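Shared chain: chain A. Partners: chain B in the first complex, chain C in the second.
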Partner chain A sequence: MKRSPGTLLLRWSGRILIAAILLFVLLPGIVVAVSAFNDRAILLFPPQSWSLRWFWRAFSYPDFAKGFWNGLTVTVWASSIALVVGSAFAFAIHRYKFRLRNLLEGILLSPLIIPHYTIGLGVLILASQTNVGRGFPLVIFAHVVMVLPFVMRSTYISLENLDIRLELAASSLGATPLRILFTVTIPLLIPGLLSGWLFAAILSFNEFTATLFVSSQATQTLPVAMYNYVREFADPTLAALSVIYIVVTATLLTIANSFLGLGKILNVDAH
Partner chain B sequence: MLMRTNQMAANTSVAGNDKIRPAVQLDGVTKRFGDSIALHEAWLKIGSSEFMTLLGPSGCGKTTLLNLVAGFLEADSGEIFIEDALVTETPAHMREIGIVFQNYALFPHMSVAMNVAYGLKTRGVDKKEMARRVDEALALVKLSGFSDRKPRQLSGGQQQRVALARALVIRPKVLLLDEPFSALDKNLRGSMQVELKQIQRELGVTTIFVTHDQGEALSMSDRIAVMSAGRIRQIAAPDDIYRRPADRFVASFVGDANVLNGRLVERNGDAAVVSIGDVRASVPAASLAEVSIGGSVDVFVRPEHLSVTSRGASGSLPGTVTTQVFQGGHVDLYIDAPGSARDHILLRSPGIAALSSCPVGAEIGLSIGSDDIVAFPPGEAP
Partner chain C sequence: MNTRPFLGWFVSPAGLVAVGLIAAMLAVFQYSVRAYIPGSLEVGGFTLQNFAAMLRPLYALAFWNTVLLCFETAVFTLILAYPLAYALVRTNSSALRSFILVVSVTPLFLGEVVRTYSWMIVLGNKGFLNTLLLQLGLLDRPMQMMFTAGGVVAALVHVTMPIMVIMLAAALSHIDRNYEKAAESLGAGPVRVFLTITLPLSMPGIVAGFSTAFAWTFSAFATPQLIGGGRVSTVSTLIYQLGFSSFNFPFAASLSIIGLALSLAVIALLKKAASPLERMAGTT
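This part shows the complex of A and B:
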């Protein structure tokens, strides 16, 4: 069948539009990634000479190494605490009807609508009022608050997907509620719990705004170290760090996806 | 009033079973969900080794009753006994119940053997004994050699066998089956029914079976409790349910039934005579207590109790054949008989003779057999 010029035009304009949108989405990443290979000590796109030396600098600059380990400490603690606390709350909200249930759910999900600088500022004010020093516990506390909703959500969705009849069957077979929790419920929730942890970790590791308020020189995380760096230097080291970061995160997510089926957990609508 | 007669029906059929100690007993158990009553004062005694079926349409309360026996729900009032022990408030894990769900609910992260062993582990059975009993249970359901498979590697029928083995291996006081066949295809369903019934008889395990399929209920049960709208309408052996339904719901839900327009002619103790046109038939009188002589009644006649005679033969109703449906072993005739019935009348004629003798458009006479006719006060179509 011969297509009319109108259909052809529509087809091609559609393709161009999609390409344009994709380009638009990926452009910042592409620009930064390409700039990372610039030989000169300025951020320039496109580069005129090429080098890998900024990657070397990204690894060797002491503040970045320290920031990385600080960030990792904060991330592991914050995500793990949020996992335990968030899962417990998700469980309570999913399984039990109690007074103020909706209020509790609202409070726990509120960090989604409260800006990070507000959380950072709030934690900072609290810390100075109570004379709590600006050490790791403070940063971890702020991070727990921010990632809690994500962990809760992911556990809640896993609970929604769990067939209640598995637990009923276990109880008919003589298992106490505690035994059911450890032999049936938790084993089947593990993919959801792990992906909740992973998302929390990625968010926490990336978090900048609130961390800027609550961290000190000794506890600054990688994004804060990067911010401080860019105030002094304008070379492509940050671009190189970005490339490393994107590659590592993408690899982690790909591995996690093949093991955990993240799509299943992200796509299912919890009601 | 309906309530009263039902309870009487329930109590009389229980009286016949009094010699056997009931394995399960429900005394006036009621369950509400919010404002709606899911189960209204259920009275039920199930004998030891008995196969009791709860039959009814969806939402009739049969699954609620099952969940109450299992301990998954708490009764609002009434008492539940299992083997003489009051269990109304006993948690599910202490009731020693085996249950097979419609979707089998096998633990997906455990092998077949681990699924079956689960209930033995909770009981602290030692390793050797556990292995022996798991093997025995898998042999019982013909799945020896499948121990190491995961549930997702099994077909629906095999998964069901595992679920059955898992429920039976703990030697439960009661086996509960929640629509276990509805997820199977038709051929497999038939053979699983036969097999399940054999295993049940062999082990003598008291069984409560929930289904909406009247064919399943009639073929497998020792007794059936027909339920609708949260109430038990009749408890009786399958042939009694079929031949002497207690009310119009039971008469129309179990088996096919034609509803003919009749009148009450006279009462003779337990029996009554009704007329349909010129035809007279004897029916049980109990269900017609509220109808006065000469009042109209609905007469329920099974399709196989109708037969074709020549038009105008004495004791027959006039009718016209509108449709023939060949069913292999029998022929279904749909007959238009205005005046005698609101709807078409279904007549089931054995063999294939009716195919040629009663072509569409044939004007025939309908004669009604003398057995198993019941009549109820007129009402809406059930």
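This part shows the complex of A and C:
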């Protein structure tokens, strides 16, 4: 294939452009990683001397440990409840027509566009009006509302790809609907359910804005604890914590990518 | 025999969640038309005072700032995300594809606080960029980047990039390459093929990405709060300040109602403006 100088120029400027954009995406992560090993207590760049003490502080700071466990509690409950509620509902809208179907679907998908501070404020006001305390159930409810759309979508896509003839075959062999559900439908949906759950869990663990409104000192999650830390201290502890965060997340995603195919989940695979 | 097994069992939990969500939204509506009693968490009688107060320059300006900020962020995000999405979908190297995918998707799962914090180190007066520019001799003294609208936009673009890349890549990956090959065989150069075939056909993704970027930026809180440092006031920072510094929940509620209405209106407008384009591209 012949290539004119123009095409070649285009190709190379394209490559440089992509490299520059990737640098923009990566830059804050790199800067944080370098700052995390800074020995001084102020945010100076580049660091003059190196140390690991901010990692130690990130692990030993009580609010972070508490925030981590609080966050884990909220995440496990919220994403599991959302998984059950959301996938059951996705099954119903995929298979049946019923009254208020579209309305209900619209309401449950609306948290995708309602600002999270509106959701947080609403749940907070509702709690104060009904005299429900600012405990874990409140935080978990807000999180269920926010991650439900993702679980619904993931299950719905899996149902679209499910071969309904397998269920018909089970049915013709005399299986009851309940038995079909547990021995045919759910096992076939497992990958979709799992990725929906994982997605919901990651989003819930990182949710900040609505959580800031609905949590209290006793129920604050890790992002809220981190936010409070930035407002009080300017040392690199948070940089160390961010590094741990980035490494864990990138590792999880790389594993997910090689086992599940991230492109498939995100629907960006080329044909 | 029941032709719709489990219907009630499967729908009622979701119905319960929906009722809770509606109740929360109604609570916001209800508070937005209540009077604020200073120093108390109780609210007074019904009033439209909260909405009238929003016409005051301070609050009107916050709305204008927010819309401007969202618009700038969405435009810059689109410009930066498009080449990346294009490379992601079209590259022949699977290593490069995985790399772009993980690099551009990881930030999506990091949460607003971590990402905003990293930008604070980049933009600070003794931060990365200022140190770099000073050492290169391009600046005499640190340039103020923290607590400016420009700094907030830079961080917000970074926060919004992943979702834009995903949406654009989804649209680009569904374009039938035969259209491009046909144009090429008829003698069109690469630039012309891109401008007359690829770009119009990816319009649905551009619209979806742009409106999502707009909506996300509208609801962003940590970034304008921490990078803006109180000197860049947006709807979200104002609501938090009203709610948790002055406990004026009625006014905070009315601000979020108007904010919600505004962001829905802009998204609807974007969809409407783009629909002739989508029809042209032959997609629905």
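The rule is short, and it goes like this: the second predicted complex is superposed on the first by the 246 of 271 C-alpha atoms of A that agree within 3 Å, B and C clash if a C-alpha of one lies under 4 Å from a C-alpha of the other, contacts with A are read in each partner's own complex, and residues count from 1 in each chain.
Going forward, a residue touches a chain if its C-beta (ideal position, glycine included) is under 8 Å from a C-beta of that chain, and two chains touch if they have at least 3 such contacts.
Model, not experiment: these values are computed from the prediction.
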If we overlay the two complexes on their shared chain A, which of chain B and chain C does A:D163 touch? Say first, second, both or neither. first
Where does A:V32 make contact in the superposed view: on chain B (first), on chain C (second), on both, or on neither? second
Check whether A:I21 is in contact with chain B, with chain C, with both or with neither, and answer first, second, both or neither. second
Please name the chain, chain B or chain C, that touches the greater number of residues in chain A. C
After superposition on the shared chain, which partner residues are touched by A:V184: those of chain B (first), chain C (second), both, or neither? first
Going by the contact definition given at the top, which residues of chain A touch chain B in one complex and chain C in the other? 177
Taking the complex as given, what residues does chain B use to touch chain A? 70-72, 91-99, 101, 103, 105, 107-109, 118-119, 122-123, 163, 166-167, 170, 176
Any idea which chain C residues touch chain A in the complex? 2, 4-7, 9-11, 13-15, 17-18, 20-25, 27-28, 30-31, 41, 80, 83-85, 87-90, 97-98, 100-107, 109-115, 117-122, 124, 126-128, 131, 158, 161, 166, 169-170, 173-174, 177, 189-191, 215, 218-222, 226, 236, 239-240, 243, 249, 252-253, 256, 259-260, 263-264, 267
Of all residues in chain A, which touch chain B in the complex? 163, 165-166, 168-177, 179, 183-184, 187-188
For the complex, which residues does chain A have touching chain C? 6-7, 10, 14, 17-18, 21-22, 24-29, 31-32, 35, 42-46, 84-86, 88-89, 91-92, 95-96, 98, 104, 107-108, 110-111, 113-119, 121-123, 125-126, 128-129, 141, 144-145, 148, 177-178, 181, 202-203, 205-209, 212-213, 223, 226-227, 230-231, 238-239, 241-242, 245-246, 249-250, 252-254, 257, 262-263, 266-271
